[in-house]
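Note that the chains are named A, B, C, D and E in the order they appear, and that numbering of residues resets to 1 at the start of each chain.
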Amino acid sequence: SAEKVLKIGGMAPLTGPSAKTGQEIKQSAEMAFEEAGNMIGDYKVELVWIDSQSDPAKATNAYAEAVERKGIQVGLLNWHSSVAIAVMDLAAKYKIPHLFGIGGSSVINEKYRSDMDKYNGYWLKSWPVPQKTMTGYVEFLEDAIASGKFKPHSKKVVIFAEDTDWGRDIFAGAKKMFGDAGWEIVAEDFLAQNQTEFYPLLTKWKKLEPALVFGSYGMPVGITSLIKQSREVGLKVPMICDGLGWAGEWYSLAGSASDYTLDMIQKLATDKAKAWAANYEKKYGDKPSPSSGGLAYDSAKLFIKVAKRALEKTGKLDSESLRQVVLDELLTGKITYSEDEGAITVSRFSYNEQSLPDPAVGVDDWYLPIIQYKSGKGRIVYPKAWAEAEFHVIQ
Amino acid sequence: MTQLTQDNSTGFSGILGKICLSPMGLAGLAILFLLPLVPPFNQDYMIRWLISGAIVAAAAVAFDFSAGYLGIVNFGYAAFIGLGAYTSAIISNKIGISPFITIFAGALVSAGLGVLTGIVSLRLRGMFAICFTWFIGIALMGLCLKLDWLTRGPLGLQCDGFFEGNSSLPYYYLILAIMIFTYLVLGLMIRSDYGLAFRAIGQNMEAAMTSGVHPTKYRVINFTMSCFFAGLIGGFYGHYYGILTPELLHTQKTVEVLVIAYIGGRSSLWGGIVAAFPFIFAMELLRSSLSDLPGINLIIYGVFLIAIMVYYPGGVAQFFKNLTARKQRSTSSTAQKAKTAEAGV
Amino acid sequence: MNILETKGVTKRFGGLVAVNDVSLHVEAGEILGLIGPNGAGKTTFQNTVAGLDPPTSGEVYFLGNKVTGFSPQVMCSLGLSRTFQIPRPFPKLTVLENVLVSTVFGNTEPVADKVKHARDKLDFVEFPLGHNVLCETLNTVQLKRLDLARALASSPKLCLLDELASGLSEVELEDIIAIIRKIRDTGVTILMVEHIMQVIMNLCDRLAVISFGNKIAEGPTGEVTKNPKVIEAYLGVEED
Amino acid sequence: MNDSSSAKVIEWLKSAGGITVTCTILVAIAVSFHKGPYVLVNTLVTGGMWALMAIGVSLLFGVMNISNFAHGEYFMIGSLTAYYIMNPLKQYLLETPNDFLSFITPILGIAGAAIVGAIAGIVTDKTIFAQLRKRNREGWLLNCFLITIGIQIILINVHMLVFGNTFKGVVNYWDVPSVAFGDVYVSVDRVVVFGIAMAAIVLFWYLMMYTSLGKKIRAVAQDENGARMVGIQVNGVYSTTFALACGFAALAGGSLLFMFPSYPTVGVAPLYNSWFIIILVGFGNVAGAVPGGFMIALFQVVTRTYMGEGWENVIPMFLIAMILIFKPYGIFATKVRSVWEQ
Amino acid sequence: MKNLNAGYGFLKVLWDVSIQIDRGEFVALVGPNGAGKSTTLKTISGLLPPQSGKITFDGQVINNQDCALNCRNGLSYISEELNLFTGMTVLENLEMGAQLLDDKNKMEENLQFVFELFPRLEERVGQYAGTLSGGERKMLAIARGLMSNPILVLVDEPSLGLAPQVTEEVFNALKVLNKKGVTILLVEQNVTKTLKFSSRAYILEKGEVVLEGPSSELITNDHVKQIYLGT
């Protein structure tokens, strides 16, 4: 009797500019499956890695090959939105459900929503578009001002973002958000991905005398350089540096200059989460990032849950049965995956009609706390219910 | 038009020769036509690889048209491809006309930039000319990122496909047609007086000028043609993959084409085509079978590239040339001494 | 008729005046020899005329028209061609193709069979090798022959020759003299720079001598070579 | 100043190089008045670093006719070395503080980087380019160019496989407050690195102009056979050149570790910048690399200041292209050109 | 210098050429264009590795020795292509020629000697070699070759492109050098003159030595007369 095998195509940028992220995604997902003994029921799990090479064209070639030659039955994970856009069509064409791509940007949602029938059940994200999640920042600021902890001398804010699809999205969100809250945006800058020299920019900002600097910048070198140099040029204002914590080694690059900067990131707060991080570090030698690594780990766990359910329900595991369960139970909110069950990054993954293809956003669902760093440790300062420390305004 | 290589062969191969094809080349093309119909190549992913191969092959031909003959490596070549791709995508998105028409618009815009580049870079030689085109490429890519109201910047621009349906096969025949069209047009130009002028300018500008060749004219013509096809290929690229990002204009992409063109053999045009398909297949297979150690395929690629350049810089074209030369040598057993003697008189 | 006439041509390189106020004329159908010590400015003068390096001041008239500062390809199409002191062929083209370039692009008169025209020119200069040899393998002397054929292929009216005969042995000199004569007999005017007196004495109708950029003498060959100024500046005490 | 030297100065001011340099200075001053002196300080500090990189590229191209696309990877080797020297030392210092050791740690790292880079250069020359020299010289420029692309791909991916994808960097060299120039603050690290760059450049210039090694290198650059004919052993000179060029790149990499943590593709940006510079000033122009570095830095600072981030690739590229149209061999090109022009 | 076969790549140019030169001799090598004279010199100098055969210099086999080492041992080659350092000044070129000499005074002496030989160069000491006229370059190349106090000088067509007056001077200078004890191997097109100045000569045709002997005899040889002197 032939062994029952489920072939999963894990997609990540394993080479090229984002290889670091890709590697973390790969390793975290592998960890999750290993913990399950590489088995789902009586099915043996075989992970086939698809290197997206950060290039939509190359990614589609590799994807088609993985489907046809290596026979993957389901796709998992992803990082770049541009890759997602190109691969979505393939997933639909080959009728392969592709689940939990991490790439967050809104273009995926646009494409998905443009032809729901075609893509439904064939593409699912595990990171919602930033516009939905970021409102926390303004709530937090209003709260800090109201409680008198933060006394800005003016309502001037500087906004920056990385010049990527993600950055564009978050920038659009931030602009609206701050505008609505009555802030004056005095500078808007998109930063190149490989940039390390910010003296001109920072000096320019300094002269504008903002009360707050807000930005999102996922490139570890860029964001840490920005923070370090902001201290060097003497820009002493509260800084929200969304994305600082995405790379595990950020503190070894930014050092004490990162004290008091704020970030919004998967909390990795529970014991389970901490154990996972420790495990990861033991196994692979470097600190995992909660966003790429943690989310990939959670996504894989959630997938295992979905697959188990599919096996239970239909007695077999293949593209079709998985898709059925996804449509019938995951997207209707019957299957969720929460902190109690072991989710380490957010409170709960749950999907519904309105959120698609994103997970639902909310404090009890997919929600990122705001944390403030001190000596390399992040402490949650918002929402209040989770807070571990008081917000400290840099002087 | 002067037929330089007047083969005394008549009949079928003579006719073929007139359109720059040898019997072997024709056989190769026939194979390319039939390949996607026979297993294992009829699988869709194989066809996708064939398409990638054909894209690079066509680009390498058009690239070699400048680099191999005029001696100017257009290091911003990917940007010209990208310009065509974006133009075609934007027009077809905004106005909604068929991509079959807009890719020519894209090609024309690329050609237009080619004209400008040709005129403006006229006084530049060697590395300076190369870097000039490179800078144009970098600037274009920067523009593509910054003009996001037009190109959607890093968010990526989605484009419609040429054909309805899921099969890649029609796309394959389309790009094959583009590739052959590129080769024939450029090949005929090289065969004509134009080719002579290009080579003369490429080898010694001053001597070419004193021989009466008008460098501006021919350099511009060359750039225009090469960039026109770059744009055409770009248009195909966009409408095939469905998404364009500024990364398409990146130097890295030029390097991919350049490598194929050089492994194919400079100033051969067809060398790029012969090199592209096996090379793409080998690279994809390497990548997929060594996926446990991502990057090792690229190391092999690098080593291979260096080895070729050190030990066999003539590339595929040289290989074939040597083959035919050996054949000739074995038939005509002229003593070497006689040869030297002739040379010595 | 003067096919070429220069008026006060001066060429400066930075502080150095390489050609200083040189006025001379070339009559149609003659062979004018331009001689002078090394570094006198002969090559530079030819460059200014052929358009490779426009003169700093002064005027050049070709066929009665002012052509000062015209580009080389225009001069070529007007009917002026030249050879180089250090030949500069197209190394990766064959001998035949080298000549074809100039046949195809330099010619104003239509040529029926270009390949034949080119081959004729190569035969005309008695090119010693096959026509399908790549130029990079030729030696200097062969290159000069080729260069000459190339210059002729554009059907020039005036041909500037720069040290065409240097590097030839005595016997070979006889050959080249014969060839140049043949060229003149086809109606091409020649302005030649040469150091080998054997060639000059045999060929030139008239001579112009420049030294340190200045023209010091011009006139029929026999006269000029007896000019004491010329002897002092250039010829030295002749022995042979 | 006597007559002839003032005439020379005027002559130089009228040349393209002079005009551009003057314009650059004027623009720098004008912008500094408008936007504040930080423009000037920034220009100087970053320009020096790029000049250091550019010299290596220029040297390799000038002497060996190799347009090194892998130059950034020697920068990467430098930063990697510096990291693996500095990081253990810093760890050790955390446990046993020692003022002197913590003072010289960065210097050790930077010196180590330069040495390892130079060795890597020699190895590259001996294993690859010496072979190519022996085999054939035809199409040398483009063969070499493709080879360097191969080297680049190999080095990046070997780094990735062996050392991983992490960012290996240090927070700073010396943990001291920034120095102030007026109201502009610059970190001590940067000031020191600027000093290192300038010292290296001066040293190099002296080496090229006044020592016999320099003369030999120049001779080989201009005519290899000629050099052999006067008794210069060219293979040695080539290896030395490679060592110097790669050593400089690695020196830059080591010096800039605080700004560019080592990771596989860290060399790309420095590579691009150095190419911009040498194209702007013309090849083989060591002295020109310094003002060139400043000019590129100024272009970038000014476009960032007035146009915003991201335009620094568009506008300066356009400007350099324009300048090239008028000065096709770079702004400092003289009438004399030898191998550089091929 | 013995039994030499040499050529470029596939092409063989020299066929068993044997030449022997004793110390202090003035030997000429003549032959028609493309006979392989320059190739011979190139091979001896070490620029071109021989395909087979043996080259000895001062009793030492120098077959595959680099040109630079030969130069150190006192062999100086003045090539047809000149190989000047075009981006250096005339003076720098000359200094490079003497870079193997340790003694600064000796260099000064040599400089004096070549400037005497070619006063034109002295006028142009500060000019870049790349901008010299054809003849000036030739002079510079010869001068540079003489700067290193060589024992053996290989000269390839010294008179090429030189004004008649200067040609004469160059030949005289070679004669003077020879008198001083320097061995000379001269390649030249002007057969009459060459044979007049040299003591012994070889005649090379199509890569083979066809005749050799004292110059004075060769000049009256029928073959030579017919082929080279056209009489």
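Quick note on the criterion: a contact is a pair of C-beta atoms (placed from the backbone, for glycine too) under 8 Å apart; a residue touches a chain by one contact, two chains touch by 3 or more.
Fair warning: this is a prediction, and the values are worked out from it, not measured in the lab.
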Touching chain C and also chain D, the following chains: B, E
Most distant chain from chain E, judged by the mean position of its C-alpha atoms: A
Inter-chain centre distance, chain B versus chain D - centres from mean C-alpha coordinates, in Å: 33
Geometric centre distance via CA averages, chain B-chain A, whole Å: 40
Centre-to-centre distance between chain E and chain B (centres being mean Cα positions), rounded to whole Å: 49
Length of the line joining the C-alpha centres of chain A and chain C, rounded to whole Å: 76
Contacts with 2+ other chains: residues of chain B: 145, 294-295, 298, 343, 345
Residue numbers of chain C (touch at least two other chains): 13, 137
Junction residues of chain A - those touching two or more other chains: 15, 19, 23, 163
Complex contacts: residues of chain E adjacent to chain C: 8, 11, 30, 32-34, 38, 80, 120, 124, 127, 131-136, 138-139, 157, 160-168, 189-192, 227-230
Complex contact set, residues of chain D against chain B: 61, 67, 128, 131-132, 135-136, 138-139, 141-147, 149-154, 156-158, 160-161, 272, 275-276, 279, 283, 310-311, 313-314, 317-318, 320-321, 324-325, 328-330, 341-342
Parts of chain D lying in touch with chain A, wherever the complex brings them together: 35-36, 38-39, 42, 45-46, 157, 160, 164-167, 169-172, 178, 184-187, 190, 258-261, 263-266, 268-269, 300-301, 304-305, 308-310, 313
Complex contact set, residues of chain D against chain E: 212, 215-216, 218-219, 221-223, 225-235, 335-338
List of chain E residues in touch with chain D within their complex: 45-47, 66-69, 71-72, 76-79, 81-88, 92, 95-97, 99-100, 128, 130-131, 144-145, 147-148
